[in-house]
Amino acid sequence: MTERLSVAVVGAGYWGPNLARNFSASPDWDLAVICDLDIARAQQVADRVGGVAVSASLDEVLADPSIDAVAVATPARTHHPIVMAALRAGKHVTVEKPLADERGRGAEMVETARASGLVLMADHTYCYTPAVLKIRELIAAGELGEILFVDSVRINLGLIQPDVDVFWDLAPHDLSIIDFVLPHGLDAETVAAHGADPLHTGKACVGYLTMPLSGGAIAHIHVNWLSPTKIRQMVIGGTKRTLVWDDLNPQQRLSVYDRGVDLAEQSKTTTSDARAAHISYRLGDTWSPALPEKEALSSMTAEFASAIREKRQARTDGASGLRVLSILEAARGSLEAAGAPYPVHTTHRSDNS
Amino acid sequence: MTERLSVAVVGAGYWGPNLARNFSASPDWDLAVICDLDIARAQQVADRVGGVAVSASLDEVLADPSIDAVAVATPARTHHPIVMAALRAGKHVTVEKPLADERGRGAEMVETARASGLVLMADHTYCYTPAVLKIRELIAAGELGEILFVDSVRINLGLIQPDVDVFWDLAPHDLSIIDFVLPHGLDAETVAAHGADPLHTGKACVGYLTMPLSGGAIAHIHVNWLSPTKIRQMVIGGTKRTLVWDDLNPQQRLSVYDRGVDLAEQSKTTTSDARAAHISYRLGDTWSPALPEKEALSSMTAEFASAIREKRQARTDGASGLRVLSILEAARGSLEAAGAPYPVHTTHRSDNS
Amino acid sequence: MTERLSVAVVGAGYWGPNLARNFSASPDWDLAVICDLDIARAQQVADRVGGVAVSASLDEVLADPSIDAVAVATPARTHHPIVMAALRAGKHVTVEKPLADERGRGAEMVETARASGLVLMADHTYCYTPAVLKIRELIAAGELGEILFVDSVRINLGLIQPDVDVFWDLAPHDLSIIDFVLPHGLDAETVAAHGADPLHTGKACVGYLTMPLSGGAIAHIHVNWLSPTKIRQMVIGGTKRTLVWDDLNPQQRLSVYDRGVDLAEQSKTTTSDARAAHISYRLGDTWSPALPEKEALSSMTAEFASAIREKRQARTDGASGLRVLSILEAARGSLEAAGAPYPVHTTHRSDNS
Amino acid sequence: MTERLSVAVVGAGYWGPNLARNFSASPDWDLAVICDLDIARAQQVADRVGGVAVSASLDEVLADPSIDAVAVATPARTHHPIVMAALRAGKHVTVEKPLADERGRGAEMVETARASGLVLMADHTYCYTPAVLKIRELIAAGELGEILFVDSVRINLGLIQPDVDVFWDLAPHDLSIIDFVLPHGLDAETVAAHGADPLHTGKACVGYLTMPLSGGAIAHIHVNWLSPTKIRQMVIGGTKRTLVWDDLNPQQRLSVYDRGVDLAEQSKTTTSDARAAHISYRLGDTWSPALPEKEALSSMTAEFASAIREKRQARTDGASGLRVLSILEAARGSLEAAGAPYPVHTTHRSDNS
């Protein structure tokens, strides 16, 4: 059997305990240390996984040559300094979303990892859920045909965050999933963002993102902190079939509808008017694939280990984190321009992802 | 008892038979004649309501002094000439949505009706459903508090129309409803429209409309012809409560959630940062009001008669039809400008509506 | 093309107009006359289908040699005399559920039709809905395997009937459907019925029927007039798959679950204890077949014509109506015996049904 | 503040860890020891709550005078000897459902506790969920009026248990809840049980229980291990309102429908026929009360402590456990009699529960 890799979890707040629990239970990893400035909090996390070491000093942790990798779960504004320090210390890194608080900093992190031959992974946890893995697989196998539209809704009564608006809080989930499942990833060249702050909290609490995709498709995301009902739903329409992912329906999370609009073959070269005449409807069966029950973080830690061992990019690599960051930054620009479409600093999906 | 009014139904296509049936069954109206160029089709409609007269000549119908009013259910591009002729002949008019195919023509119709002292009514049928009447009543009574956002979704596998895109086909419903239920009506000054035509049919099949409303609120509409699932849902968030209207759930069409975000009173004058600190959450009961079972068109014909008798504007008057038309026209402008916000030719809600 | 058959509709109450409309629209039938003692009511129905003849005299109608068949939609207690008269006059008959108000009378009707070589059809309309036709087809094709249980729920706030209890009002639907879709039909030899009349109306308003089926399977029906929520759901569990029919979910009426309990093959001959040890679980995909949109009564009238022309029993023949009646009568016996199982006067499904 | 009570958890299998966690977190309790014959398993549970003592000897635990109470979570057949030993040692006891494996043994336990002045509590955990506490409160406040029927469904693909059938596995939940929320508790004098074992596993896998309640009401329970869909729903119909509890809908667990059938007042003394004529329908609002988020076991441990301190019966006392046991035993009798109603060895709810 392969030797285990050694990992330090940095940050013992909301997400850190989940990372600790999963690395601790993984056959690929030895959880070496929990690191947090608040050493009492680190100790609490360590206790719950059965007595791992703790440290209040990141420098100390990074100086330890027995540690192969670092999992970062600290506030977004601290990602850049911590990840850069870890990479300079020769550690592989997985980092919570968003990759960084500014695109430029994220780009520096990606470039540093590349230059050093280290794995920099975006911990886009949702991408490792059985549902999203299945969606990616179905699209890759051509089950949906060419993608026509993606419509994502993620709304709930939410904590109004002190430092970020609803876009930065929620949309990274939708963006990283779209990037993960679409064959060409998030290749939008412009983004239009519309937000509202009707309670005058100083930041958008209701938000809409619209992105034209290649080939005439469109992606749209609705995020909302003020909704009394909770909805987490993504519809992905294709030329062959349409998929609906309802994450809050455990009995039928994924539905694949063999319903849609067909264009007669010959019409593809003719004019629009002529084409409209060749449209017909298909009302076929619906199919809901069974999904394995597996915790997403457990798949994430396995992928992190595999990427390191196989010296390859992780499935959700730093570049994917950077694409998400680029959209968020363009959305910020669009918001400031009252919703006018804003150019995205494009970073195309790398070939090996 | 009041004397009955006499009405002619013009147009015997999809909607005309419904108008004929309801005018025929109304205690306020005598259905005098069905008018259609296709006299056989007019006869079919007449037969089903028990032998009303038919005519292929609009001129003849309008020349009949015994006829008080005309209900127009013809294609949108014919609304302007037919309605103008009817108004000039001294007839009151109710006309199917949209009011006209261009804002300028709609404005002329409204002005002509006003100058002639005639009722010009927009047949925004949805506004007369028990659900929408109840929503209007709840908002007017202050049950929701100040409106924070409106999010409307109207999606289904739909017929791709030969002459209009998905905005002109479906959004008039959402727009007329929003105009009807909000205290200030549809007072958006700009609209951003994003559309996609991924099947290359020559017109948008997926569409999103975003409109900032007064007071920092936002309205958003999603219309879609390519969705395999049918959704007709509107969420109206307020400072006190939030209402969800799920039109496809006959067992619980309206839900009023006493859940939301509260701002402490004193915070209203302070800075944003300070305000965020005063936010708290409310998780109260949900309430679903009983709705009477009444056909919307029957309420519409009653309102048409009342407006004529009381010499007042109808609840959904020509001006409301014109506000809807103004948004649609601005949306067309935004679409041509790749989604940039586009100014709405504003027509504020008249006092008596 | 085949010549049309001529039919008289007897009874112009609740169901008669639906029969009239469907016979009138059918390519197989000429609707000759509407017969009702209340001639004004008959005329109303006749008007709505475009001027058919009416009659207040059943004798007159039956004496007319041009009439091939009679469709009876009168109260249950009148079925026996009307159908017997019609059969004696040489007419084919379709009759609304229940076949008669007593098993003995139903048996006489079935025997008379058989002896005269006439078609006697039970108008079990639900059996001709696309959903039920599909269920029958799936079971016949072995898609569910052997049937393990059938659980049917039909509850709603219902009119408390003056002459029948909730069993006789609602359960004929469930019983006729079960008889129609199961390979061996309704072959229960005993029935246990539990009813409650908590409002002291003089008849059961809440009812449960339990029937052991052949092979250790069980069928159970819950009917209820006092439920504030409306449910119409049938679950049919099989050794291979389980089907759920939710008649109030138009977007997904049928779901076929490839989930269940598997018994290892060899265990089938061993003892129960040993078998329990060989049980395993299967959590496969769910599949929802597309259903055509077709009115059930239109399929019923077509089947009635085909049975007459092909000189065969109808799919829902008199014998199936008699099986339903036998269960209802046994249920009455069980109710009187405080819920003790009561023997069913069995009438096995005929070979040609 | 009151001094803490000291408790031993006996049994470290499925339920023991939950008990340990909740006693450990409770301000009322000191968790003294985890007792299990499998000392390694006891240690595992102890570790997870931060280092509590363990023991493989029940005698040792019961001999410890510092221990006030014992919480029993062992297999049902061991409840009697363990609880009797604990009571004889002067310990208060809470015991997992069912109280015992035979009614006679349960009765002995209840009598012993009574004679010794000790609290014997049935750990009917469901009764302490916020939903069930609210149901009890609503019924006690008269919100539903007099109870007309209770219909409970608890179905899912379930593990076929080695030693018990589906009735003994699942129905204790429904029975204990019904006993808890109804003003007169589970006062059925007979039970009819219908079961099926279509897979020939040696025990019923599908089951139905029917119980007439006082005043003409009826209770019915459907339990099923073979259903591919999971349903946990209870409908409680009353003369004033009807409540639906859908435990799998976290967004709206409880719905109170102001819909039903009204009997005119004067009719109550007249005959049934006359009464039917006075029935009318009420279609009022629906209301869904907000529920606090609180773990049921935490409320159970608090109630256990209060009952001990206040020297009173617990809300779910031994007698309630005995009533559940009596129904299960009568159900066993009914099953053996092919579903014939079987008398319940009645134990009426004590006044102080």
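Chains here go by letter, A, B, C and D, matching the order in which they are written, and residues are numbered from 1 within each.
The definition used in the following text is that contacts are C-beta pairs under 8 Å (C-beta built on N, C-alpha and C of every residue); 3 or more make two chains touch, one makes a residue touch a chain.
Because the structure is a prediction, the values reported are computed rather than measured.
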| item | value |
| --- | --- |
| Contacts common to chain A and chain D (chain labels) | B, C |
| Pair exhibiting more inter-chain C-beta contacts, A-C or B-C | A-C |
| Between chain A and chain C, centroid-to-centroid distance (C-alpha), Å | 53 |
| Whole-Å gap separating chain C and chain D, where each centre is the average of the chain's CA atoms | 40 |
| Computed distance of Cα centres, chain C from chain B, in Å | 44 |
| Multi-chain contact residues (two or more partners), chain A | 229, 259, 283, 286 |
| Complex contact set, residues of chain A against chain C | 252, 258-259, 283-290 |
| Residues on chain B engaged by chain C in the complex (per definition of touch) | 47, 50, 229-230, 251 |
| Sites on chain D touched by chain C in the complex | 146-149, 151, 157, 160, 162, 190, 192, 194-203, 205-206, 208, 210, 212, 215-218, 220, 222, 224-229, 235, 237, 239, 242, 244, 257, 259-261, 263, 268, 271-273, 275-276, 279, 281, 283, 338-341 |
